[in-house]
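In what follows, subunit A forms one complex with subunit B and a second complex with subunit C.
Right after this comes the complex of A and B.
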C-alpha cells in the first residue's frame, strides 16, 4: 500500500481504468462521477430500476467493462461516489505547491438535499471526457434537433427514441455508433450523412494503413457498425450534410446539400426530406473547464485544444494527471490505456513495471488513431456559409449571427469578453459549452485576431474558463466549508 | 490645440472616457492597450454609477459630477452611434441600502444625514415602503434608505460606446500593444517604447487601472496604485426578483476600509438578462486570480441575509476582477510632478465605471487649462499616499 489518496474524476473508460491501476499501485481511491452508475457515455447503462434482461446488448466490450467495474467498486480501498459533481477546483498557493482541493456536491442535481464535500487528495486524475461539438445552421434550435451524443444517451440510458424518422448528420466515425444505438432502440434511421467528402475521408483513413491494423479493436468495432447499417439498409453518404432544419414549432423537414471539401455548399444540390428528428455531431469538444481550473497547460492542434500531457499522462500541474478524450479524441481503447497509465502513476506505481509497456503501446496507437481521425474528418473552413444573419448562434440567449458579426466587427467591442457581454452569446445556462468554440472561431475569423493574448495578471477570457464548473445553489454555497473527507471512509451517507 | 498628440495608456473605461473627451476637444488621440479594449477590470465589475456609498467629500463631489454627466454623454453618443449607446443599458434604477442590526441602522442614519447636507437625495423607507419596493427583501431589517440617483450600466458596453465615440471623432486604437518604457528628454516624456514600436506624443495619460502602479514604474514615475480583488456571483436568469441595486449597510464601511484581508458585504441586483449579480468582496492579494470557494461562500451568506428567498437559486458562474486601489481611497487625476507630459487618471477602486466620465472631464479641463467643474486639488498626484513610501511596494507586488 502506498498510502496515497487518488481522486479520479469521471468513471468512463479512462476513469475506471485509472481507478483500477491506482488501486493496484496500492493507493486509496475516490472515484467520482455525476451519473448514478459508472461507464460514462461509452458504457452508459439503463438505471437499475429499468434494467433490461440483457442490458449488455447495445454495448461494446461489455464483459471487460463489467469485470473492471465490479473489481473497482468492490475494492476495499475504493470509495465510489456516484451522483457527485465537482463544482470547483481550488488551486493551492503558488508558494506551497500541491494538488488542487476538490469541491464537490453530492446528490441528484435536481434534488434539494445535495451536500457539500471537499477532498484534499495526493493526486488527481481528470478523466471527464468530451461532449458533441455541434455547428450552428438555420433551424438547429428547433425542438427535435438533438446533439448526437444526447440522442444516444437517451437510447442507451433510458431506451427512449428521439423519433421515428431520423437523419444523422455531421462528421466523424461517432455517427456510426449513434446510428447503431438508435437502430437498436427502434428508430428508423433514414440516412447517415458525413460532411467530409469521399476523397478527404479516404485520404485520411488510407494513409499509413499499418496504424489502422494495429488499432484493430476500434476498426473492428466500426466495421460492425457499418455492417449494421447495411443490414438495416441505412444509406451512409459522404460529402453531404444538413444545412437547414425547418418546421413549425418542431422539426418537420431537413434540407441537405452536397458539400465541397471545404464544406461550402454545391449550388443546386439541395434536397428536402421529411423527418421527425435530426441528430448532429461535428466532432467533439473536450470538457476542459476542470483542467483549466486546475491550471493545466493546453496544447493547440488542428482538431482543437486539448490538455497537454507527458509520456506518463502528467499534466503541467504537479500531481494532476489527465486521461481520455480531454487529451485528444481517440475513442475508448485509447482512453482505457491512458487511464491505466495515469492511475498507476498517480497512485505512486513504479515506472519500471513491465505491465506499462503494453499500456504505453496501446496509448500510442490510440494517439496515432486520433491523429488520423483528425486528418480524415477535418472541419471544413467554409461552414459559416451555412449561416444567415438571423441564424441563432447561442441557443441559450438566442444571440444571432448578425449580432455576433456586429460585435466582433466593431473595433471598440471586438474583445472576446466585451463581445460576449454585448451579444450575450455564451452567458446562458450552458455557459458557452455549446456555442463557445463557434463564437471563438467566428471571432478569430472576423477580426483576423487569433485567440486573445493573455496579459500577466489580467483575467483570462478563454472559452473554457468556468471557475464554477457546475451550478451551485446560493444556499449550498452559504453552507460552512466542510473539512476534507477522510478517504478511507466508505461511501458517504446522503 | 489642434495637432497636440496624446497617447492614452489603457483602454478600460477610464482610458476610453479620457480618449473621448480629448478627441472631442480636437486633440490627436491614440489609445493603447496590451490586450483588447474594455476586457480587464472594466468587464469584471457590476457597472455601478453610485452616489449612495460615498460620504461628503471630494469623491462624492466627483460622483455627483459624473452622475450629471452620464445621461448627457450617452445622449451625445446616441446621436452618432445609436446602437452603441443602447448597448450601454443605462438604468437609473436607484439604490436601496438595508441595515439589519441596530448598530447598522444608527450608522446608516448618521451617514445619510451627512450625505443630505452634501446634496444627495435619500428617502427613508418604512417597512411597507420597503416591501413595496423590494418584495423579496428580508423582513428582518432595522433601517432602509432609498437613493433614487443610483444607476447602473453594462460596463463593457459603456466603455465600448465611449471608445467608439472617440474613434468616430478621430482617435486611433492600438490593441495587443504593451508599453515597455518611457523615452524622455530633459525631464519630459516624449515617447513610449512598446511591444510594437515607438510611439511619440506630447502628452501621455496613464489610465491602466490596477496596473497603473506597474506601468508608472516602467515609465520611471511610480504612483502607488495597487490591485484589490473582488468577486461577483451570477445566478441563472430569474423572473423579476430584485428591482433596485440593494446592498447592506456594511458595504459603505467596506468601501472606505483599508483592510487587506477578506471583507464582504452584500450587493444584489438584477441585469437586463434576468440574472442576479451577487457581490461583493474586497481582498488585497496582488494579482492572484485563483478562485477561493470560502470567499464565494462568505458572499452567499451575506446575500442570503438580505434575500433569504434566493437560497434555492443556482449560481452559474463567478467572475473576479482587480480594482485599482490607492491607500487614501481617493482617485488620482492630474499631471505628474516629476515627469513633464505624463498624466495619471486612476485609483477609483470599485467606482471607476461611475467616476470615469467626471474624471475624464477634469483631466481635459486640467490639460487644456480650462476652468474646472470642481476643485481637482484633492486628486492631485503630488500627495503622500500616491508618491509616498508605498510606491516601492507596487513594484514588489507587480513582480
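Right after this comes the complex of A and C.
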C-alpha cells in the first residue's frame, strides 16, 4: 500500500481504468461521477430499475467493462461516489500550483438537498470526457434536433428512440455508432451524412495504413458499424450535410446539400426530405472547465484545445493527471490506456513497471489514431456560409449571427468578454459550453486575430473558465464549509 | 411518428418494466421506473416543454447535462436538468418559461433565495 489517496473524476473508460491501476499501485481511491452508474457515455448502462436480462445487448466491449467495473467498485480501498458532481476545484495557493481541493455535491442531479463535501487528495485524475460539438445552422434550435450524443444516450441508456424518420449528419466516425444505437433500438435511419468530402475522408483514412492495423480494436468496431448500416440499407453519404431544419414548433423537414471540401454549399444541390428527428455532431468539445480550474495548461491543435499531458499523463499542475477525451479525441481504447497510466502514476506506482510498456504503446497508437481522425475529418472553413443573419448562434440567449458579427466586428468590443456582454452570447444557463467554441471561431475570423486575448496579469477570459463548474444552489453554498474527508480511510458501504 | 420507448416485449435487452406516474403541469404522464424525466416526457410524445425568451419551445438537445435546455421544476426545486434526473413516482413537474410575463400567463411561484442557481449569469 502506498497510502496515497487518489481522487478520480469521471467513471467512463478512462476514469475506471485509472481507478483500477491506482488501486493496483496500492493507493486508496475515491471514484466520482455525476451519473448513478459507471461507464460514462461510451458504456452508458441501462438503469438498474429496468431489471434487464441482457443489459449487454446495446453495448460494445461489455465483458471487459463489466469485469473492470465489478473489480473496481468492490475493491476494499475504493469508495464509489455516484450522483456526485464537482462544483469547484480550489487551488491551495494561487501562486503555488498543487493538487486542488475538490468541492463536491452529492445527491440527485440539481436537487435541493444535496450534501456538500470536500476532498483533499494526494493526487487527482481528471477523466471528464467530452460532449458533442454542434455547428449552428438555420433551424437547429427546433425541438426534434438533437446532438447526436443525446440520441445515443436515450437509445442506449433509456431505450427511447428520438424518432422513426431520422437523419444523422455532421462529421467524424462517431456518426456510425449513433446510427448503430438507433438501428439496434428499432428506429429507422434515413441516411447518415458525413460533411467531409470523399477525397478528404479517404486521404485521411488511407494514409499510413499500418497505424490503422495497429489500432485494430477501434477499426474493427467501426467496420462492424459500417456493416450494420449496409445490412439495414442505410445510405452513408460523404460530402453532404444538413444546412437547414424546418418545421412549425418542431422539426418536420431537413434541407441537405452537397458540400465542397471547404464545406461551402454546391449551389443547386439542395434537397428537402421529411424527417421526425435530426441528430447532429461535428466532432467533440472536451470538457475543460475542471482542468482549467485546476490550473492545467492547454495545448492548441487544429482540432481545438486539449489538456497538455506528458509521457506519464501528468498535466502542468503537479499531482494532477488527465486522461481520455480531454487530452485528445481518440476513442475508448486510447482513453483506457491513458487512464491506466494516469491512475498508476497518481497512485504512486513504479515508473519501471513492465506493464507500462504495452499501456504506453496503446496510448501512443491512440494518439496517432486521434491525429488521423483530425486529418480525415477536418472542419471545413466555409461552414459560416450556412448561416443567415437571423440564425441563432447562442441557443440560451437566442443571440443571432447578425448580432454576434456586429459585436465581434466592432473593434472596441473585440475582446471575448465585451462581445459576450453585448450579445449575451455565452451568458445563459449553459455558460457557453455549446456556443463558446463557435463564437470564439467566428470572432477570430471576423477580426483576423486568434480566438483569445491574454491580458497581462489578468485571468484569461477563455471560453472554458467557469469558477463554478456546476450550478450550486445558494442554500447549499450557505451551509457551513465541510472539513476535508477521506472516504477511503474507514469502513464504508460497498 | 415521434420519440417513443422501445416496446418491452420486443426489446432485445429483456426489460421488466415497473410503471410510474408523474404529473406535468398537473397532467398525469406515465413512464417506467429508471427513466429520466426527459425520457418520460419524450416517450409520452412531448418533444418540448420549456420556452425561451422569444417564446420558442425547447426540449432535449445535448441529452447529457451540458446544454441546460431541458430545465424543469420538480416539486419546489427549480432548474433541474430533466435529462439528468431520474423520475420518481409522484414527481410533480412544472414546466418553465423565460418568456417575459404576459397578462394572461399564470403567475409563476415566487423564486425563493435557496432556489436560485449561483452558476447562472456570471
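Quick note on the criterion: the second predicted complex is superposed on the first by the 481 of 494 C-alpha atoms of A that agree within 3 Å, B and C clash if a C-alpha of one lies under 4 Å from a C-alpha of the other, contacts with A are read in each partner's own complex, and residues count from 1 in each chain.
The rule we apply is simple: a residue touches a chain if its C-beta (ideal position, glycine included) is under 8 Å from a C-beta of that chain, and two chains touch if they have at least 3 such contacts.
Just so it is clear, the structure is predicted and the values come from calculations on it, not from any experiment.
Participant: In the overlaid three-chain picture, which partner chain does A:88 touch, first (subunit B) or second (subunit C), both, or neither?
Facilitator: In the superposed model, A:88 contacts subunit B only, not subunit C.
Participant: Would you sort A:352 into first (subunit B), second (subunit C), both or neither based on which partner it touches?
Facilitator: Neither: A:352 stays clear of subunit B and subunit C.
Participant: Quick one: classify A:431 as touching subunit B (first), subunit C (second), both or neither.
Facilitator: both
Participant: Applying the document's definition of touch, where does A:468 land relative to subunit B and subunit C: first, second, both, or neither?
Facilitator: Both partners, subunit B and subunit C.
Participant: A:481 in the overlay: touching subunit B, subunit C, both, or neither? Say first, second, both or neither.
Facilitator: So A:481 only meets subunit B here.
Participant: Of subunit B and subunit C, which one touches more residues of subunit A?
Facilitator: Looking at subunit B versus subunit C, the one contacting more residues of subunit A is C.
Participant: Would you sort A:163 into first (subunit B), second (subunit C), both or neither based on which partner it touches?
Facilitator: Touch status of A:163: second partner only.
Participant: Of the two partner chains, subunit B (first) and subunit C (second), which one does A:74 touch, if any: first, second, both, or neither?
Facilitator: In the superposed model, A:74 contacts neither subunit B nor subunit C.
Participant: Which residues form the common part of the subunit A surface touched by subunit B and by subunit C?
Facilitator: In subunit A, positions 112, 397, 427-429, 431, 466-468, 471-475, 477-478 sit in both the subunit B and subunit C interfaces.
Participant: Which residues, counting only subunit B, touch subunit A once they are in their complex?
Facilitator: Result: residues 16, 34-40, 43-44, 83-84, 87, 154, 156-157, 159-161, 163-164, 167, 173, 175-176, 178, 210-211, 227, 233, 235-237, 273, 275, 278, 287, 289-294, 296-297, 300-301, 303-304, 310-322, 398 of subunit B touch subunit A.
Participant: Which stretch or stretches of subunit A touch subunit B in the complex?
Facilitator: 88-91, 103, 112, 293, 397, 406, 410-418, 421-422, 424, 427-429, 431, 449, 452-453, 455-461, 466-468, 471-475, 477-481
Participant: Under the touch definition given earlier, write down the residues of subunit C that touch subunit A in their complex.
Facilitator: Going through subunit C, the ones touching subunit A are 1-6, 10-18, 32-36, 38-39, 42-43, 47-48, 52-54, 56-69, 71, 76-77, 79-81, 83-86, 113-122.
Participant: If we count contacts the way the header does, which residues on subunit A are in touch with subunit C in the complex?
Facilitator: Its residues touching subunit C are 34, 36, 41, 46-55, 57-58, 87, 108-112, 131-132, 141, 143-147, 149-151, 153-154, 158-165, 184-186, 249-250, 276-277, 287, 395-398, 427-431, 433-434, 466-468, 470-475, 477-478.
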